[in-house]
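Mind having a look at this structure? Questions to follow.
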Amino acid sequence: MNRQTKEIIIKYIFLLFSLVSVVVLGLIVFSLFREGLPIFGKVSVKDFLFGMEWYPTYDPPSFGIFPLIVGSLVVTLLATLIAVPLGVMAAIYISEIAPQAIKETLKSVIELLAGLPSVVLGFFGMVIIAPWMQETFDLPTGLNIVNASVILAIMAIPTISSISEDALYAVPREFKEASYALGATKFETIINVILPAAISGISTAVMLGMARAIGETMVVLMVAGGAAAIPESLFDSVRPMPASIAAEMGETPYRSAHYSSLFAIGIVLFCLTLAFNLIADYVSHKFRQIGSGTL
Amino acid sequence: MQSSKNNSMKWRYLKQHVFFGIVRASALIITLTLGGIIFYIVYNGIGAISWDFITKPPTHSMTQGGIMPAILGTIYLTVGAIAIGLPLGIASAIYLTEYAKQGRVIRFLKVGINCLAGVPSVVFGLFGLGFFVIFLKFGSSILSGSLTLGFLILPTIIGASEEALKSVPQTFREASLSLGVSKWQTTYRIVLPNAMPGILTGSILGIGRAAGETAPIMFTAAAYFTAKLPGSIFDEVMALPYHIYVLATAGTNIEATRPIQFGTVLVLVAVVLGIDLIAIIIRSYMRRNKRW
Amino acid sequence: MESNTIIKLKDVNFYYGQSRALTDISMTFGKNKVTALIGPSGCGKSTLLRLLNRMNDLIDGTRVEGEILFEEKNIYAPDVDPVEIRRKIGMVFQKPNPFPKTIYNNIAYGPKLTGVNAGDLDTLVEQSLKQSVLWDEVKDVLNKSAMNLSGGQQQRLCIARALAMKPDVLLMDEPTSALDPISTAKIEELIEELKKDYTIIIVTHNMQQAARISDETAFFYIGNLIEYNKTEKIFTKPEVKQTEDYITGRFG
């Protein structure tokens, strides 16, 4: 075999390896649909998505996941509201203001925060924040939307902050210098020049942070309280989709309707996070940052 | 014009001052959150830690004794995940940085990898259950759990490897190729060795994640309690994250096992953050000593 | 003349994407001659050099038209292995680019991969380092990292590394532009020495350098070969006005 043939073979072997990710993605879809689709023989897609009652073990069972979807969206939104300002501000601090030593430390702090296992954060929310909240605000339970959102925000901050920081860092120096040369203060430069130039990267960061929060399981499983009903206040319990899957999968008979419905929730969850990721991907490619730096 | 209040320097600097204050406060809040969590865990968990806790199995329906089988199980699962994720990840990254030409193929692969990175961990769990446990009939086992975790960390490892490969100067490749060395030899002998430290430190962060994940192993590998240590890769195992979850939510006596719970949390955090910290320290050391 | 030709270009055009970087270049390079390629930045001289050992293959979206004959065989023919070509046509780059390996392993790297056995390697390393006049400076530190050498030493190491492959032709892309005057003088002396055994094609920005070391000089301007002749002719009686303007420093 001559060298050129060998080189071509090697190239295709590596191509095969890099296709594994795509194949796995395909297998995920395959498995979810294979196990999840049977439920739609029993309930319509509409009743499944918009049904108000989730009583999978009753007789007759009821498979409406609307309360679960609402639960997921509520905790995700609230977590985003907490995480975005903190994460973006921290990114601004790291890339524009902090002295070198603090910069390095803070980056490590954020990396370590990202490294905390979700079960540990869930445990923290359950054992420490929940009792405190219950007592302080005199609530029926400390396992509620606010608690879950705060913990989810802690998980989303590293994603938001590190991607935003990359975006801010990539803003060309000429922009900043031009602004300073016109007599702008650092604050004015950040607000009027740097943030607008980095906005697509920051949007990507927010989308990915939200995707992270909506798909996170252990935190909502342990901290959100688990009530499968539409919440009326921020201190109510909810049962976001991942929590339902994780909590119920262990107790359901193999290939029962309940089992299928959990996979079907998986399909919904997968589609939601996929949408977030594709939007993030689209935003970061479509609205490339101007100038020399790109994300 | 300068006399109008909105434009006075004093006012402009005041705004800046307030803004910087908020920004610093945000950074401080994040740092204190991490510090607070770690402090609480260490403070409450340190009492439970002893040599027996780490080296003995649980006793009395898990209300006493140690967590050795869970530590061992986490090690098995993590090593398995590395064995799957690392070679695949490095090979993928080599294709992306060294072989692929800019264009449709690379775009397609990257979108696929990004999407895989975004798949929620519980969906990975469902995938592992549906595909490895049921479809391939591996059962709930170390093998199923390792495969699931391995694919979970694959995008992280690809990302880290790509970055490390890209940071190898183009001049190294040119020098080697200009000597009449083939592309593969150049990649294998010059590019890969120089990228390896970066690949490993970057991948460690993914490995830490594999050790700490719960949802993907819940239905694919983890057992509440195993009487014996696993004998093969087709056995179920106990694992630290899952152990915490069951003790905290479904244990026989939740309040009585609190010290064990905190102790287990401390061990898990020490393992995961220890791994991460080592990676961070090596990396900053390497950056400082880089010669090109 | 024809029998002394080692490389011959026939109507070569080269494109980066849509833009043409070289236009209808036809020229020949003589065996055991030093040929200098000169011209203002962006004139295509480095591009041409990198065409001769197919280094431009590494850049996406490039295209070559015409023929480049090396020992009467077109190196861009479909059945030609670029790896084989690069073994016969070595290259030294603008910036010294030693590998982060020991001095010894830098030199031994290429030969090892072509199957030179361990016993012959020592001799080959010594011989190559002597050829590039670096031996006396490094013979006691062969197992130290090449990164510890000075810039000039690194460049001579890179030359030795190329020589260890026993090429027929040595391409040099502004090999002294990153070096101090003393190192530059050493490299120029070295080129003088090497031309007995090798064909050398050198791109340079430095007019005096071209005049000092080369036998033939080719002047390029915006992708065109403007004038190609004996060096002394080019520097004393250029035939084209543009060449004269460039050499006398009126532009560029």
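Every chain is named by a letter (A, B and C) in the order it is written, and numbering of its residues begins at 1.
In this section, contacts are C-beta pairs under 8 Å (C-beta built on N, C-alpha and C of every residue); 3 or more make two chains touch, one makes a residue touch a chain.
This one's a predicted model, so the numbers in the text were calculated from it and none came from an experiment.
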item: Chains most often in contact, by C-beta pairs; value: A-B
item: Farthest-lying chain, centroid of Cα atoms versus that of subunit B; value: C
item: Chain occupying the most central position, where position means C-alpha average; value: B
item: Distance between the centres, which are taken as Cα means, of subunit C and subunit A, whole angstrom; value: 54
item: Chain centre separation in whole Å, for subunit B relative to subunit A (CA means); value: 16
item: Cα-centroid distance, subunit B relative to subunit C, in whole angstrom; value: 47
item: Multi-chain contact residues (two or more partners), subunit B; value: 182-183
item: Residues of subunit A whose C-beta touches two or more other chains; value: 3
item: Sites on subunit C at which at least two other chains make contact; value: 83
item: Subunit B - residues contacting subunit A, complex; value: 12-13, 15-16, 19-20, 22-27, 29-31, 33-34, 37, 40-41, 88, 91-96, 98-100, 105, 108-109, 111-127, 129-131, 134-135, 151, 154-155, 158, 182-184, 205, 208-209, 211-215, 218-219, 241-242, 244-245, 248-249, 258, 261, 265, 268-269, 272-273, 276-277, 280, 284
item: Contact footprint of subunit C on subunit B as seen in their complex; value: 101-102, 169, 171-183, 185, 189-190, 194, 291-292
item: Subunit B-touching residues of subunit C, taken from the complex the two chains share; value: 53, 55, 58, 60, 83-88, 90-91, 93, 95, 97-100, 109-110, 113-114, 147, 158, 161-162, 165
item: Residues of subunit C touching subunit A in the complex; value: 81, 83
item: Subunit A to subunit C touching residues, read off their complex; value: 2-4
